[in-house]
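Below are structures written as structure tokens.
In the two assemblies presented below, subunit A is common to both, partnered first by subunit B and then by subunit C.
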Partner chain A sequence: MLDETLTVYDRKSWLSLLATARAGRAKALLDPLEIPVDFTWLRRPEIGSVMIRGRAGGTGAPFNLGEATVTRCSLKLAGDTVGHGYVQGRAKADAQTAALIDALMQTPAAETLTPRLPDVLRSEQKERRHKRASKAAATKVDFFTMAPGEG
Partner chain B sequence: MQTPSLQGGFAEPAREAAMVFRDIMTAMARPGQIETVAPGLGIAPLSDAAAAVVLTLCDADTKLYLTPRHDTEALRRWIAFHTGVPLTGPQEADFALGAWDDLTPLNRFRPGTADYPDQSATLIVECEALDPQGAMLSGPGIQSTTELSLPEVKAFRRNAQQFPLGLDFIFTAGVQLAAPPRSTKVT
Partner chain C sequence: MYVTVKGGERAIENAHAWLGEERRGDPQIAAVSPAQIREQLSLAVHRVMAEGSLYDSDLAALAIKQARGDLIEAIFLIRAYRTTLPRLGPSVPVDTARMHCERRISATFREVPGGQVLGPTFDYTHWLVDFQLAADGEAPPAPTADPVPEATPHVTGFLNREGLIEEAPPSDAAPPDLTREPLEFPALRLQALTRSDEGFSLGMAYSTQRGHARTHAFVGELRIGAVTVEMEIPELGFAIEIAEITLTESETVNQFQGSKTKPAQFTRGYALVFGQSERKSISMALVDRALRWEELGEDNLGAPAQNAEFVLSHADSIQATGFLEHIKLPHYVDFQSELELLRKLRRAAGAAPRQEAAE
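Now for the complex of A and B:
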């Protein structure tokens, strides 16, 4: 059954899932797998800020929306695979888990990881979005009766 | 996926960068004095001392020029990962990195302007070895005279004549560095 649902992720998409996952969630999913990891730091977790840029309406000229706190780190597995972790907020543990998973997803361990980590994170993200969207949809007001020329 | 080595760099950036900065400052204030940095910072072809200088002084607001022999894919990635410094040609560079033969002629680099003599390039010169013998140095920061193994004398004499304009130099070899600034007279 697992094979049927096995999705192939590219690096960008799993990094995005890890960056948006809830605090501690990725670690909670990774720990029970008991994958032996042996890594060295390339860059220890550090906290900084990034400028978030936006476009009005998604198409306008880019402007600076504001700054966000970001924690990042980079590590190297025993087999020279490099993993980077970037998460929002002051979350050194989450950044470490994200970097670890990023590195592991580039190794053969990805096969075990995919159904248990990115898949789970993606469905949770979908659910979160759906919940939010339906909450917003409930407050939607339809003005069709106000349209001129009716009745 | 084969990624080039990103090994090296500072384990504790704030503390170690402050220590290397102090070393560079002392080396500039006392031209000819040879300072030693911690080992294990760089990757080939970069010496540990040159790596320490790049890690400490270069960031997104400076521009670095790599001479052709130092301009390798692995080194580009390493520098991008650890410092984020943009790479440019010699004319715009704030810092230039390479062996002496690759850096000459020196008139390619910015000596600063009369209004802003600080907007000049600093050359990080990779050497085989640094010895306290060779060219005679005198000037600010030197009691009477001191000696340092410089690759040549003429270029430094010409550089000192431009004062207050001119280039500053940081010579690196292994874990050692020495830094004669433009104010040093070489004979």
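Now for the complex of A and C:
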């Protein structure tokens, strides 16, 4: 287990966790904290796409692979802190929650938020990955050489 | 040419109403939800995302439902939706070496660092219809094992070390975009192939195996798993992980005799496709390799799979189906003129005039 009290997140880390969190998850974690928020929109949620690039041969020249849907928005808290929300998929409510959390994480509220939000999202992401990695590990082939005439 | 024809509005409306009813099927049977399609017909969803060229599994599942399971129709819906989206920007090129591999096999090296991981594969099943699936939908939990934290380097990387295989030197040049520029060869080869029709790619790839363009491929590596996608956010000035997507990557190792300028070494075919799309991915790698004959100084054997114009111009299911299906739309004027011409020719040739068909 990680010592969660010591975790300090940079903005890139929490924004990344928010972008790929499951639908509605960040809001479900934020709402019970009952942090009063008052904000104005800088950019209302909009759905767009990001062109995902790969590299030829995995390491070579970039090429356009295809797009993915993304929702973004920006807002400003009453105290002028700006928050940006970027999430995968078509999810305006999730983008709004992400932008709110992004802004709040830059205020003293970060202390309350850290163990209840980025920490939780990160451990859920780890668990999700671990679950699939464990199933993959069970399908790893153990080669053994048979003596001639066996099998 | 087709001209607008008035009338038929009511017929069209009623046809669409019937389409809706047929889509629903027997109302005594529970309706299927897009979430069920997303979870339980996931490979169809992956195909629609790959060929629709838009990674959004909920949207692809909905499109499959709307299209009554016609995947090309669903892909068409996705392509049309895609054009309505503002482009927020390009991603940082994904790093497939850091993929969370769920399947990773090599047909060329048995003892490969990171191991051979079968993943949720159809391989080694017996291709017998499983009647139990009709009886109940429950699956027992899959066995697990402790994952060993180790790197899974690309197989071609080991061959590179010995200089036995051509390298893919890194570059940061911005690639051209098929959705915004006319199809150019060969710059748009990989983008055109990754969204190409699976059946077409498979047929082309198969033709190379049967001897039309002898590229003799081995699957050096096939890997499937989740990859994080980073994107630079202009207002922040740094990149964040904007998405997590499943990709299938294939690298083939192909024979190469060497040329006047190059010592003999293996060459490679490359594929990267949205979703768990194994057949498509291997096909793409074979076609990619066959198309590179000129760059590698090989002979043009006149094989269809070596012809970039032929392959890349005909690989897109939406372009193909659009042009194919338009010939069923009213062409009355065109046809009338052909009819007139034919009658004239026959009269000139002295054919006896007969009762003319109703016009």
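The rule is short, and it goes like this: the second predicted complex is superposed on the first by the 133 of 151 C-alpha atoms of A that agree within 3 Å, B and C clash if a C-alpha of one lies under 4 Å from a C-alpha of the other, contacts with A are read in each partner's own complex, and residues count from 1 in each chain.
Methods note: a contact is a pair of C-beta atoms (placed from the backbone, for glycine too) under 8 Å apart; a residue touches a chain by one contact, two chains touch by 3 or more.
No experiment lies behind these values; they were computed from the predicted model shown.
In the three-chain model built by superposing on subunit A, subunit B fits alongside subunit C with no clash. In the superposition on chain A, A:Ser49 contacts subunit C only, with no contact to subunit B. Of the two partner chains placed by the overlay, only subunit C lies in contact with A:Ser134; subunit B stays clear of it. In the superposition on chain A, contact of A:Ser74 is made with both subunit B and subunit C.
Subunit A has more of its residues touched by C than by the other of subunit B and subunit C.
Contacts of A:Gln106 after superposition: subunit B is touched, whereas subunit C is not reached.
If you stand at the C-alpha centre of subunit A, subunit B and subunit C are 80 degrees apart, rounded to the nearest 10.
With both structures placed on the common chain, the touch criterion links A:Trp41 to subunit B but leaves subunit C unconnected.
After the two structures are overlaid on chain A, the closest C-alpha atoms of subunit B and subunit C sit 6 Å apart.
Where the contact sets of subunit A with subunit B and with subunit C meet, they give residues 46, 74. Put simply, subunit A touches subunit B in their complex at residues 41-44, 46, 74, 76, 80-82, 106. Considering their complex, residues 11-12, 15-16, 19-20, 46-70, 72, 74, 84, 86, 88-90, 129-141, 143 of subunit A touch subunit C.
Considering their complex, residues 1-3, 5-7, 9, 11-13, 81-82 of subunit B touch subunit A. Against subunit A, in their complex, subunit C makes its touches with residues 49-50, 53-56, 58-59, 82, 85-94, 96-97, 100-103, 110-111, 115-121, 142-148, 154, 156, 167-179, 188, 190-191, 194-195, 225-226, 228-229, 231, 233, 235-236, 238-245, 247, 249, 251, 268, 270, 272, 274.
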